[in-house]
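For clarity, chains are labelled A, B, C, D, E and F in written order, and residue numbers in each chain start from 1.
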Amino acid sequence: MCLGIPGQIIEITDPDRLMAMADVSGVRREVSVACILDGPIDGLIGKWTLIHVGFAMSVIDEAEAAATLEALHGLGEAQETLEQMREGAKALEAGA
Amino acid sequence: MSLRDKRVSLAHGGGGKAMRDLIDEIFTGVFEPDSMEDQARLSADALRDPGARLAFTTDSFVVTPVEFPGGDIGKLAVCGTVNDLAVGGGVPRWLSAAFIIEEGTDVDLLRRIVATMKVEADKAGVRIVTGDTKVVDRGSADKVFVTTTGIGIIPPGRDIAAVHIRPGDVAIVNGVLGDHGACILGARGDLALSSALESDCAGLGHLMEAALAAAPNLRAARDCTRGGLASALNEIAEAAGVSVEIDEEALPLRDEVKGTCEILGLDPLYLANEGRLVLFVPEDEAEAALAAMRGVDTGAGAVIIGRAGDGPAGQVTMRTLFGGSRIVDMLVGEQLPRIC
Amino acid sequence: MRYVEEFRDPKAAKVLLAEIAKVADEIGATPEKPVHIMEICGGHTHAIFRYGLDRLTHPGIEFIHGPGCPVCVLPMARVDECVEIAEQDNVIFTTFGDAMRVPGTKKSLLQAKADGADIRMVYSPLDALELARRHPEKEVVFFGLGFETTTPSTALSIQQAAREGLTNFSVFCNHIAVPPPIRVLLSDPHMVLDGFIGPGHVSMVIGIHPYDFIAEEFGKPIVVAGFEPVDLLQSVLMVLTQIRDGRAEVENQYARVVPEHGNPVSLAAIADVYEPRPSFAWRGLGEIDASGLCIRPKYAAYDAEAKFGIGYGAKRARDVAEPEGTGCALVMTGRIKPTGCALFGTTCTPENPLGALMVSSEGVCAAYYQYGGRRTPDPATEAAE
Amino acid sequence: MSLRDKRVSLAHGGGGKAMRDLIDEIFTGVFEPDSMEDQARLSADALRDPGARLAFTTDSFVVTPVEFPGGDIGKLAVCGTVNDLAVGGGVPRWLSAAFIIEEGTDVDLLRRIVATMKVEADKAGVRIVTGDTKVVDRGSADKVFVTTTGIGIIPPGRDIAAVHIRPGDVAIVNGVLGDHGACILGARGDLALSSALESDCAGLGHLMEAALAAAPNLRAARDCTRGGLASALNEIAEAAGVSVEIDEEALPLRDEVKGTCEILGLDPLYLANEGRLVLFVPEDEAEAALAAMRGVDTGAGAVIIGRAGDGPAGQVTMRTLFGGSRIVDMLVGEQLPRIC
Amino acid sequence: MRYVEEFRDPKAAKVLLAEIAKVADEIGATPEKPVHIMEICGGHTHAIFRYGLDRLTHPGIEFIHGPGCPVCVLPMARVDECVEIAEQDNVIFTTFGDAMRVPGTKKSLLQAKADGADIRMVYSPLDALELARRHPEKEVVFFGLGFETTTPSTALSIQQAAREGLTNFSVFCNHIAVPPPIRVLLSDPHMVLDGFIGPGHVSMVIGIHPYDFIAEEFGKPIVVAGFEPVDLLQSVLMVLTQIRDGRAEVENQYARVVPEHGNPVSLAAIADVYEPRPSFAWRGLGEIDASGLCIRPKYAAYDAEAKFGIGYGAKRARDVAEPEGTGCALVMTGRIKPTGCALFGTTCTPENPLGALMVSSEGVCAAYYQYGGRRTPDPATEAAE
Amino acid sequence: MCLGIPGQIIEITDPDRLMAMADVSGVRREVSVACILDGPIDGLIGKWTLIHVGFAMSVIDEAEAAATLEALHGLGEAQETLEQMREGAKALEAGA
């Protein structure tokens, strides 16, 4: 029961009921922002959230996302270096 | 003008004057059937060629809502049957149109539907030559159902069928997938989704003729309607006795279709289309077919999505973005929105 | 950043697969002596099959598919009770689409709908609430189904109904918790698991600490993971790395979404509306203590069990024997693969599911069937098995 | 046999396996369409004759109840379209059949309907060669609607049409009138009437051929369906530009039909028939036509009921039992049970 | 004997027509100076046109078609009230088919049904009662419409409902009486009538003496008649004979069905359930004192006017002006033929009736239209006019 | 509102509610016999009644019906005699 997707809050539609419009790749749906309210409701506009069954359940932490991707990047670069070294070694061997 | 009613009532289905008024005013003027007789009588000249055959197909259309972004049930009804003729190599010629109308339906809605049908029929070069209307009690239908039946003429020597597909043949679709299905899911309103998506509904007769001209050995084609591309490919693979592999990366999908699928847990491969077909051509005719298709407005987005193989007959697989591979099976029932 | 494509990047996947292979080799994982990693959540199972990750990862890694699909583990008796409520004259029964095809002993909700019950699929309990507002003359019942991810949504909906004074809205509560069955699995003497992929969206609500017992009591690594393929592969790598390093910790791969301590509003709503049942029945696993929630007495007016006198609220769930010969319990505990079940693909198919795991498209047997576990296996996978 | 369900659910309309199972098991086996393609491909040999034409007609059937004494909706759907072809001189050849099925419909009911269709198609010498099924939500249709579309071949030189009717031509019906309409009124149950009446539903292709053989100058024919004999005569009189006078004494009516009409205040001239036609022949061919019709089972009750005249074009009158005369107009809406 | 065919015998008709012609000649009736005979009842009007009797009788006899069609004389405001009741959410509105097409100011019941109201045609108020039994959750309202012939059926149905304790059945009472409008017509200074054909089925209930005033006060002959053509012709003959003999009596041609004093059970039921309204509106005739019935207070629970607070029960019927230019009142008093109305067949047709008499198939304008009064007249009739 | 038709009572279907089956030319409908009850309900079987909106409103009096037809018959015979006399007179004239 875990289908959750990132969506961006683009408009507050009903401040009393804590409802807002979320955009997922150009598809809009009204969602409850009750779970992520943390200050004035207008502050949510522009925020990326994780949406599940019509509720924005979590504000996505951009820094954490970037960090995750950064780690992969690092891994990739490391592998590439390794690969290059290996190829280089092979070339050396072949050259030998 | 004797049709004063704003809504259809049972009186309009009773076989009396009210019915005749409805038919005269809404249908006859637009469709121009041949005569007062309750059947069209059609010249068979085009069938004199030895080897020419008739193509004959029918579909009922029951879409909810009846009008949606990019079309209405009338457009579907004309395009759907035109396409079923076209993908089999038939040149669409004549249509019949039978309407089942729910009591209480707006007469103006009927007018709009019929007008759309006329526009699409003209575009497709078919004539709607005979029809029928029935009115049923409120709650015994959902506004309007339209059943169209088409006759096309298959020129002598043309034989398009799945059985001709050989391993190596290339699969081409004519544009982005799933727009219709995703659009309808949104238009229904009960899921409270909105987007700028429009149905892809279109008649594909001219596209098929263009593809056939460029790729004379075109093997088979199928419109990807209910059950989407996945179902069309499964049917075709089974009928052809080949396997088919498609490439996830090649699949043309709009962002909004992806978004709809993410939200609802659906697979775009199974979303309905109403103006999309998949066709198989020999590899050496693929580029010519692509180019020809792209020259027709309904084929502007044509791309190669995969090819037939010699794997297990009837098996459709997809190479995923990751280089993994998964089976693309037929749906069991219908796709239901999922949350998990 | 749109937080989707970035985590579906094939290049990133390639890097991760290479790294996984490296670590797997380092710890000596082979097809004959594989590392068993359980992804608890059905959403993860689905993603693994959808992206073909099981075939791409090192052959020494074996995924064991956990009980984390609330549709699969729903006992048939509860479906019967849904049907019983839905078939009452004045009821609009609302449900997520997932539950429509789940067979009860007599019929599924889909069949009950065909038989005339007013059953409507909704995307959100909020949509059920809206139906209740629009149909004051009807009783609108929402089928509350799901793990901690979903529980807040029904709790908040009940609170909202109470605030509005709606008297025709109720929830048929079948919410269950992830940790209890994990404890059951880990306590099984046949247990072969070496580590866990933790359900990220559950942790989004409850945080990561409810899994501490896995690491602390049972000494197994667990990585709370996101649902994109890159998330999953990275989590697998993290589990393998823990194993290689001899660690057993609760790590959070999905930190962009999962706060360490979860979501306080959600947790408060759950605590306000629900309380644990003494025990709850899981299809394929049996009764598990404190694994299910029910509605607190103060919200009894919104409790369909109380309102209709049906189910746990009235009496214990009826004892409904699962169909004979089903291998579900063995699959769920990792002892056999779906293809090892005698019923798989013959009498148990997605069209006519006999066992729990064939029911939902998240069920592992359904995934095997749908995504090709049953036909000619991938040469690579074949070699691996 | 993979269709285990007793009732149709939405899954059976979703384009997936459940749908294929339903179609395979209920329809394909019985109707034997030509191929796996979604269109029939028909040999056009019979159309090579110069002057041969296609007849093409469609009708949706929405009867309640779906099964009734003497038939079911499937029988109506085959006979109705066969008759629309036949009364225009077309030799019925091929039918399409499109089903709109309400969720919850008994699968066995579908089986029975399809079996009836097969029986009637065989009797009529037509083949049901293509079809469609749609499933709609409960409450969005009334069990089953069937739309049949027919193709017939009009032999060279044959031209049956109202415009050929001349004053003096004789009008013949093929049997007792109103059985179908009265039977359905009773079968509906809401009026709590019962009788031994059965629907007159029958295919009339062979009858038309017999009449044409005996009366080569047969002018025109019309099946007397919705709106009954009165509507058929009004339509034909208008299209022909003649008047028509019928004789009340000559009208064949069963006691039970009269009884139903007395109770409900209806006029039997407007009751629907599904196996009755009215045809016009030149006076000197009338006896031959009658004799030939009586030689066919569906024409055993054939009688002359009146003739065309040179009165006002489109006017239908009836000489009453009293020698009085009254106009038999088209209905306004539908006939409603009256108590005054 | 089956009491139908015998009275449709063309031979008997021939004999009667000859005798009618003889007597008409004896009293000097000519097309220029015709004898005016009013058939009061719409059922008689219908039969006259259906069998073409107006064209067969001596040209010196002119039928004047009376106000005896309860559908035709129903004011538009009452139709509006029906629609208002029928459109309430919980109502099943039941009616005879006759009333379905009668236009109100906004819509007919047929249109209201198309717009979504649950309106059902029934053959009998007993069928409405049965619906009420089967749908206890719904309010079943029966549209009680008709003269004394029909009044007993609704009275007995209300009594039956009361006996069964049904609480969801009520009647929207529009029952009216035949004698009051006859008195109005006879009191009209333009009155040209020479005699009356009395409505046999009304007298089956009330007997023949309620018409005594016609003979005694106004000196006009009246013959209570059956509905078969032979009945009608015989009655015409009896009227003519009275005229010839200078008598003015109430005679009973329909003695096989009509008891002199009517039907005691029916009369008792009417008296028990209904009481006269001070006055009631007749379309085309205006308000007529004591011409309508309403439900007695003791049966108020079965009175839709009380239950829904609509119509006479709440306030007087709304004053709804009849469409302009309608000749109905002139036709009904015999001063013009339908064809003499400027609207006939042009703006007033059965498809779109403007006036009262075009509404029902028993209305004389509808009969003229339907049965050919409007097209080329019969040569014989033409000569006669 | 006067559509009434003769129908024959063929069976008592519900003595409590005074309901019976009537037959009209082979068409059956349950009707109330409340208005015509005059003695034991079974005595109605076989009786011809006048039926209106589901109620048997009157028992048809066979003697009265016969009398009505008899009168017509008399009229017819009288006319025939007259006709014959006239024809006879004509014949005489012609013969003259």
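FYI, a residue touches a chain if its C-beta (ideal position, glycine included) is under 8 Å from a C-beta of that chain, and two chains touch if they have at least 3 such contacts.
Chain identities (UniProt): A, F = Hydrogenase maturation factor HypC; B, D = Hydrogenase expression/formation protein HypE; C, E = Hydrogenase maturation factor.
Not measured: the values here are computed from a predicted model.
Undergrad: Name, by label, each chain that touches both members of the pair chain A and chain F.
TA: Common neighbours, chain A/chain F: none found.
Undergrad: Centre to centre, using CA atoms, which chain is the farthest one from chain A?
TA: When every chain centre is compared against chain A, the largest gap points to F.
Undergrad: When the C-alpha atoms of chain B and chain E are each averaged to a single point, how far apart are the two points in Å?
TA: 56
Undergrad: How many angstrom lie between the CA centroids of chain A and chain D, rounded to a whole number?
TA: That pair's centroid distance is 64 Å.
Undergrad: Measuring from the mean C-alpha position of chain A to the mean C-alpha position of chain E, what distance in angstrom results?
TA: 78
Undergrad: Averaging only over C-alpha atoms, locate the centres of chain C and chain E and give their separation in whole Å.
TA: Spacing between the chain centres: roughly 71 Å.
Undergrad: Please output the residue numbers of chain E that touch at least 2 other chains, ranges allowed.
TA: Answer for chain E, listing residues that touch two or more other chains: 4, 42-43, 69-71, 96, 98, 101, 110, 123, 127, 146, 150, 351.
Undergrad: Taking each residue of chain A in turn, which ones touch at least two of the other chains?
TA: 1-3, 5, 25, 29, 52-53 - these are the residues of chain A that touch more than one other chain.
Undergrad: For chain B, give me the residues that contact two or more of the other chains.
TA: 9-11, 17-18, 191-193, 262-263, 265, 332-333, 338-340
Undergrad: Which bits of chain F are touching chain D when the two form their complex?
TA: 1-3, 5, 7, 24-30, 51-53
Undergrad: Using the touch definition from the top, list the residues of chain D that touch chain C in their complex.
TA: It is residues 2, 4-5, 7-11, 17-18, 21, 103-104, 138 of chain D that touch chain C.
Undergrad: Show which residues of chain C lie in contact with chain D when the two form their complex.
TA: Those in contact with chain D are residues 101, 110-111, 113-116, 351-352.
Undergrad: Flag every residue of chain F that touches chain E in the complex, lowest number first.
TA: 1-6, 17, 25, 29-32, 34-37, 48, 50, 52-55, 57-58, 60-62, 64-69, 71-72, 75-76, 79
Undergrad: Under the touch definition given earlier, write down the residues of chain B that touch chain D in their complex.
TA: Those residues of chain B that touch chain D are 9-20, 35-44, 47-48, 50, 52-62, 64, 84-85, 87-88, 90, 94, 96-100, 129-132, 134, 136-137, 139-142, 145, 147, 149, 151-152, 154, 161-162, 222, 225-228, 231, 235, 238-239, 270, 272, 330-335.
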